[in-house]
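Take a look at these structures.
Each of the next two complexes has chain A plus one more chain, namely chain B in the first and chain C in the second.
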Partner chain A sequence: MNNSEKKRMNGEAEEENEEDVEDEGRDAWERTYTDERSWEALEEDESGLLQPIDNKAIYHSQYRRRLQSLSAASAASRIQKGLIRFLCVVVDLSKAAGEMDFKPSRMAVIAKHVEAFIREFFDQNPLSQIGLVIIKDGVAQSLTELGGSPEAHIKALMVKLGCSGDSSLQNALELVHDTLHKIPSYGHREVLILYSALSTCDPGDIMETIQKCKKAKLRCSVIGLSAEMFVCKHLCQETGGSYMVALDEGHFKELLLEHAPPPPALAEFAIANLIKMGFPQRAAEGSIAICSCHREAKVGEGYICPRCKARVCELPTECRFCGLTLVSSPHLARSYHHLFPIEPFTEVSARQLELSRVASKTCFGCRESLLTPGTNKAGPCAACTKCKQYFCLDCDIYIHESLHNCPGCESRRITPAAASVTMS
Partner chain B sequence: MATLPSKPIADDVSLLVVLIDTNPFFWSTSSSSLNFHQFVSHVLVFLDLIVRLSQLNQIVVIATGHNTCDYIYDSSLDTDQVTGEGELPALYSFVLQRLEEFVDKDEKLGAKQEGLSEKRASSLLSGSLSMALCYIQRVFRSGPLHPQPRILCLQGSPDGSEQYVSIMNAIFSAQRSMVPIDCCYVGSHNSAFLQQASYITGGVYVKPQHLEGLYQYLATVFAVDLHSRSFLQLPRPAGVDFRASCFCHKTTIDMGYVCSVCLSIFCKHHDKCSTCGSVFGKAQLDAASDRKRKASES
Partner chain C sequence: MKFQIEEVTVYFPYDNIYPEQYTYMVELKRALDAKGHCLLEMPTGTGKTIALLSLITSYALAKTESPIKLIYCTRTVHEMEKTLAELKFLHNYQVKHLGAAAKMLAIGLSSRKNLCVNPKVSSAENRDSVDAACRKLTASWVRSMAAENPNQPTCEFYENYDRAAGGAVLPAGVYTLEDLRAFGKEKGWCPYFLARHMVQFANVVVYSYQYLLDPKVAGIISKEMQKESVVVFDEAHNIDNVCIEALSVSVRRQTLEGAIRNISRIENEIDRFKDIDAGRLRAEYNRLVEGLALRGDLSASDAWLANPALPDDILRQAVPGNIRRAEHFLHVLRRLVQYLKVKLDTDKVEKESPVSFVASINSDAGIDQKALKFCYDRLHSLLMTLEITDTDEFLHIQTICDFATLVGTYARGFSIIIEPFDERMPLIPDPVLQLCCHDASLAIKPVFDRFQSVVITSGTLSPIDLYPRLLNFHPVVSRSFKMSLTRDCICPMVLTRGSDQLPVSTKFDMRSDPGVVRNYGKLLVEMVSIVPDGIVCFFVSYSYMDGIINSWNESGILKDIMQHKLVFIETQDVVETTLALDNYRRACDCGRGAVFFSVARGKVAEGIDFDRHYGRLVIMFGVPFQYTESKILRARLEYLRDTFQIKEGDFLTFDALIDVMNIELTDRNLNQRQAAQCVGRVIRSKADYGMMIFADKRYSRHDKRSKLPGWILSHLRDANLNLSTDMALHIAREFLRKMAQPYEKTGSTTGRKTLLSQEDVEKLGNNGAQEMLY
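Take a look at the complex of A and B:
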């Protein structure tokens, strides 16, 4: 159990060499018993009853490792984040996608998780756009155009789920390159390839295509479902993306969702520009207008484009008549936590907590006791570096993954001189 | 990692987290017909009503002060408060005592800081919202069955623009956990932040016209649990203003320019972004090398 967890934490692909080195006679499932001996992790208390295995500490240390690697990468150099992203998701629907090592089949698992990914992506990046591409029978086809509405993409994907033929990485890259060439210069171009096959059938030299993508500043990442391939690794190294191989369904979901928050983007990849945007007001209750998206008369709820006064149904969108990007201020505000991130909390050992002079040992956020249940001893917790308040491990995870506000820092009044948030 | 939503105990059991605004700058200068003492008495009767509606209902009270925020009351804790003082029920006397202690603490923390202008009259709403959300997450983790949580903000202080980002973060987190944020605003002008909060999370925003009858508004609009809200005609949001304000003049604009790097909003075309320093129209490396050259020349 410990070895495979460590492998997951480091995000390494499963090494195929290992199978050759160790005895060929045993299968992988037999090796989990001989090598990993999960029964030795069980413990008994004084009366001989089994104690439940504390998964919380393992989960928390996994989370801390992830957080540390993220903050180290962004703090090391002044890397900004690409907030306006144009992402092409390439789904490999060759014959290998019909394999049933992921239940019920790789294709079904991919479709399910891509749907969740698309929703999460638009939740975290409201100004960005996604386009879907599929590879089937050695040919790459564009399933949906670059667009900002999640429903359209999900509907298109669920309809076209059938796998056959070979996979062609070069055709996919050529298609994606042509699609992403047309976007404005301030956008960050990204490609995410979900590759199940172990080979690629290309009409030409794929190395040339990789160089073309590198010159066009496309950041290509691959998530493999079968095994590590050199050509994918080379592609990701050249373009600055990440290459991961999924071990099982849960791991695949984790890897996929890691691509939802904006990646650190090198400054030279996109030119900074002022984009003209409109902030429409809601149409008055009971007003009747013909909406520009459905071409039918609608009553009430909708938004009016400030430039050409056309009615649109939902935001964010682009006005069909004058081309103005229409957003509302909450959409911009969704990305502000990427620009003003909170620092990771420091871990406080049980001993340090006991020595500290806090009156009541409760978590500042949720007021849960920081003492291990059933005993009087302090358990592990976390503390904020700025406001020095203590938080329980679950609040630590919630604050950093979802809330992005430290309750302790927010409950303090900082004098205007001290509170200067600079972004450079 | 998003936890799977656990099942609520029953349709009509609620966990109500009440955020009470105790900001002395607001209550001392408010010209309305409600003073702090009357306000607290309306709220206490309302809290008692919630507790009596169902045995399984839970209340948590958090106070929003000017310099700090703190938990005042948690109905799930086993405090030994069998008898109240004199004629007041135990709940009332406990909450009043804790509120007094909180206001003293808030004042002491304020005395340490000097030179605060009276204009900065906002309270620390983002702090109490964050604490409320952490508590609600704890309730989600507590077991397979739990009451349906919601947040009620009783706010009077004006919005503090320095808290915009934190309040929006809290709102989006509440939206993801499906926790509605209701608001009963007792101040003078409408609060844009709280209107957006209620709209985005699916809560109710009310600015009572007759503050002497505050308890009536609270009892008819906010006492009902989430499931039964679908059967009631609740006050609808009228004209939530989602327009942005530009960073240079703080005026609301309906068409503006947005920096692609840091998403700051400007009303006019600039050459350089004042927030992140990126030069527009040039690749960043060229701009940086231009700056270096100029610095070495001068």
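Take a look at the complex of A and C:
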């Protein structure tokens, strides 16, 4: 992230004051403040005015690198993605989670980012469900059942926050296995373990459990908070998950959020199968009906299952009575972009931009000028490979991370008829 | 891949090669060109073995007019198997590329214990009894007896082999011990004798050090080797000790008592023979008059003992008259044993030089030097004449004769030390008379003289200039190579202070200080909480380890450790330790985590790999100096100082650090058990990482540190030279996090290229040629 970049900049600034300070050889207490020591990065311009810190370029280059690596992986072969995911998040709340190497403690950091992760997850995978499991005192307990409501999960986790005892990976895996193995075959079974401890105290042979998980096609991923453990690595290798160790808080967040977009489907799942889904109607304004989820009469604001006519409060969900999966079309649409991601834009150098035919030199997205204000020189920008439109960096990020559609390509597609006319 | 080093086309069975392997090969090739000896140091895990094998075999293929033979010496049978497996892989590759022209014969030779296929013999429990059991079935007189009496048991495998005679040959190929056994079973030939026979014809021979260094064995096995051979000593960092051990003898009370029993048994046998076959004894007498060298009538299977390092010219002399007759020889032996017995009955430590010892034997027991010198061969001849097959029973008298011959032969480089008790346990009388060899060059000298090139290589030969002096030879090439790494995957640290900032050391005046013990304990407790999987701790000695574990147990430190990891301890019992190691591995595998307490000079855990997660951290508590009060060590130091001008301190530090490094080596010993795909294994080995903590304030001194091998020194940053526990902890935490990150394997992006492809090597070769031009 940009932390490291900033750190370097700070390091340079400090070197004038303290002679033996290296980039890495800084004391621990100092390092924790580097992110906040933004005052040292301030610079003055000729007239003595403070210049705003420009992290944008750095941020953007980081983002591009990430995008490139992602697309490189997917471009190699057309990968199927699991859109309907059943994810168990296992949070290790053993004694090790109370360690203070992350501030204020590992536990607090985990809680904070898990919350963000759950929201992000449901945003990206509206058809999926999450269940929470915690490990404490050598046993694993299920905090929430698999469900689609972010608020319920977050609330349950915040209540249970507190750490003690040993950690047992095997117990957690057994519990998760019991929960996930009954999921229908179209759902992707995933486990994400946030592991603080450096050992696991197991009642039996963990290798057998790992094989069991492998057989049940659970994709287990682990994010470690302290160091690499062999058994975790083994687990991830066996089940096809990823194993990462967080360097610091920023890195941890990044690693966690990497799990939000759907992973490539396992080969065993690559068979296409049809899933029955219902698209319920919105209940009429003012109609009164007993809601199936709260079991009380409600006025308006609800959806009616197309098969059994039961009423539910929110989507997506499963009908309480007939078990039909209920979604709305925007949900499907929102999942759709994972299958057809927009290709990363190519970067355009200043020279290219100046030579380009686009007279206005404005961003196709926001219509802002692509020239740096004041100097009238071309600033950094990117171009879509398909429609060849230019975009400013902000729009580039917005298109790739939120919009998932290229405005240039979309607006061109409206006029296929016109195109054919000119051709003929 | 295939590439050129000067005029030699090297066939390397993998697609990529490390740069250090390439330079290693270049240096090796120059040494071969110069027909001289060389000394090469390269860290383990960089594929030394395959580099050696592929260069030397390719060299042999390129120089067809003067074919060279490769004699590869390993320390253990396990290493031998690994080497042969690598060679097999290489050979397949060469045959694929060159066809039949690349065919060669490579065999591994080991003792009967490892090669015997006769179920009746191979079931015996130890080496000596297998040898004896074999001899019982294959000795020439047994076989001639069997010709007359069909009930006399013989070994069918040997009989078949003998019947096939000249026809018994191995087809070209690479034979591991397992292959040899299988081949022997299939054909019904004895694999041991077949292998011994084929050694003369093989292109590559892989066997143990002893076959070259121990004069008793070398005389039989390695006599026929051609001069145009390349001898490789792999893992040769303690080759000097092997040489010394080969020529050292120790005599205890039990030995003498056994010897007396042996003598009376021989006497009985002689009497028996006098009655039934007096002619035999007379024939032997006549033969001895002719000289020892004319042992013409002895067949191959009977040649089971040879003279320990008698120069050839002596062998041609006649055996002195006073021991020619069997009875006289027995009298001499009896007097010798009696003399030694009196010597052992002393209650003070004595040290003598061989010259004065021989003089006193002469005056007290009336045995002159020449008679002593011939003792070993005379005994050998006698046992043969008496048709004694259960040789394992006669080990005691053999030891005595061995001793006598060595004392009689060498006037320098040895000393005789008599200790009435073990210094560490002065109350228990355990007298021992030791003939210690101090000069490692004695045993290895014939090897250097006989063979064209001798390659001494290991992961640690630092300081590299000491070896030529210890072994008394002149290497044409002596170089140390560094491991090229894509990242700093080893993190050595020197810890000089505990968490309370007081210095820690195992120096004699400090080691029992409770503060030091506590600080060491604290260090370990902290480390187990932040290091995943396995930790290995080394202590300077068993007694120190026992002491410190005891006091940790009392102060509750051990309990704190056990909360994080299980504790396993090495003991002097092999079975127990093997079990402990096994469980240690299991605990590391299943994620429970474990600590292994071991002793730096402990023989049990020697040569065990603590690689990958089995040894994420190695802590060396103290500097493992040899026990400096030991008389033997003192004598050796004195000798080294007088003869080779090696300072005592230098040698001790060298020796201690060699030992430390062996630990590190076993720790980083990344050799793979099976030769899998190259890239897989290459990356697997370089993907490994680990930390080392040297916990003693003395390590921060330059003279100690500078003896560490270069590849560790290069990772030892100045900032890590003088750490306290908390600082070490911090560094460890950061290091582990950093190493857990995925990384670029070939190092092409970071600009440090660590894996060369075919084109890279070709480019290197061209550049090299150009450099030489200018």
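Just so we're on the same page, the second predicted complex is superposed on the first by the 353 of 424 C-alpha atoms of A that agree within 3 Å, B and C clash if a C-alpha of one lies under 4 Å from a C-alpha of the other, contacts with A are read in each partner's own complex, and residues count from 1 in each chain.
Definition applied: a contact is a pair of C-beta atoms (placed from the backbone, for glycine too) under 8 Å apart; a residue touches a chain by one contact, two chains touch by 3 or more.
Small disclaimer: the values here were computed from a predicted structure and weren't measured.
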In the superposed model built on chain A, check whether chain B and chain C fit or clash. fit
Using the touch definition from the top, say if A:Tyr336 reaches chain B (first), chain C (second), both or neither. first
Between chain B and chain C, whom does A:Glu228 touch in the aligned arrangement: first, second, both, or neither? second
Kindly classify A:Glu368 by the partners it touches after superposition: chain B alone (first), chain C alone (second), both, or neither? first
State whether A:Leu173 touches chain B only (first), chain C only (second), both chains, or neither. neither
Which chain, chain B or chain C, ends up touching more residues of chain A in the combined arrangement? B
With the two structures laid over each other on chain A, which partner does A:His404 touch: chain B (first), chain C (second), both, or neither? first
Smallest separation in angstrom, by C-alpha atoms, between chain B and chain C in the superposition: 23
In their shared complex, chain B is touched by residues of chain A numbered 80, 83-84, 123, 127, 186-187, 267-268, 270-282, 285, 306-307, 324, 328-330, 332-337, 339-340, 363-368, 394-395, 397-399, 401-407, 410-413, 415, 419, 423-424
If you look only at chain A, which of its residues touch chain C in the complex? 24-25, 28, 101, 169, 198-202, 205-207, 224, 226-232, 234, 244-247
Spell out the part of chain B that touches chain A in their complex, as residue ranges. 1-2, 66-71, 74, 109-110, 113, 115-116, 124, 126-128, 130-131, 133-135, 137-138, 141, 162-166, 168-173, 176-177, 196, 200, 238-244, 253-263, 265-266, 269-270, 273, 275-285, 288
Please output the residues of chain C touching chain A within their complex, sorted ascending. 529-533, 564-565, 588-593, 612-613, 616, 719, 730, 733-734, 736-742
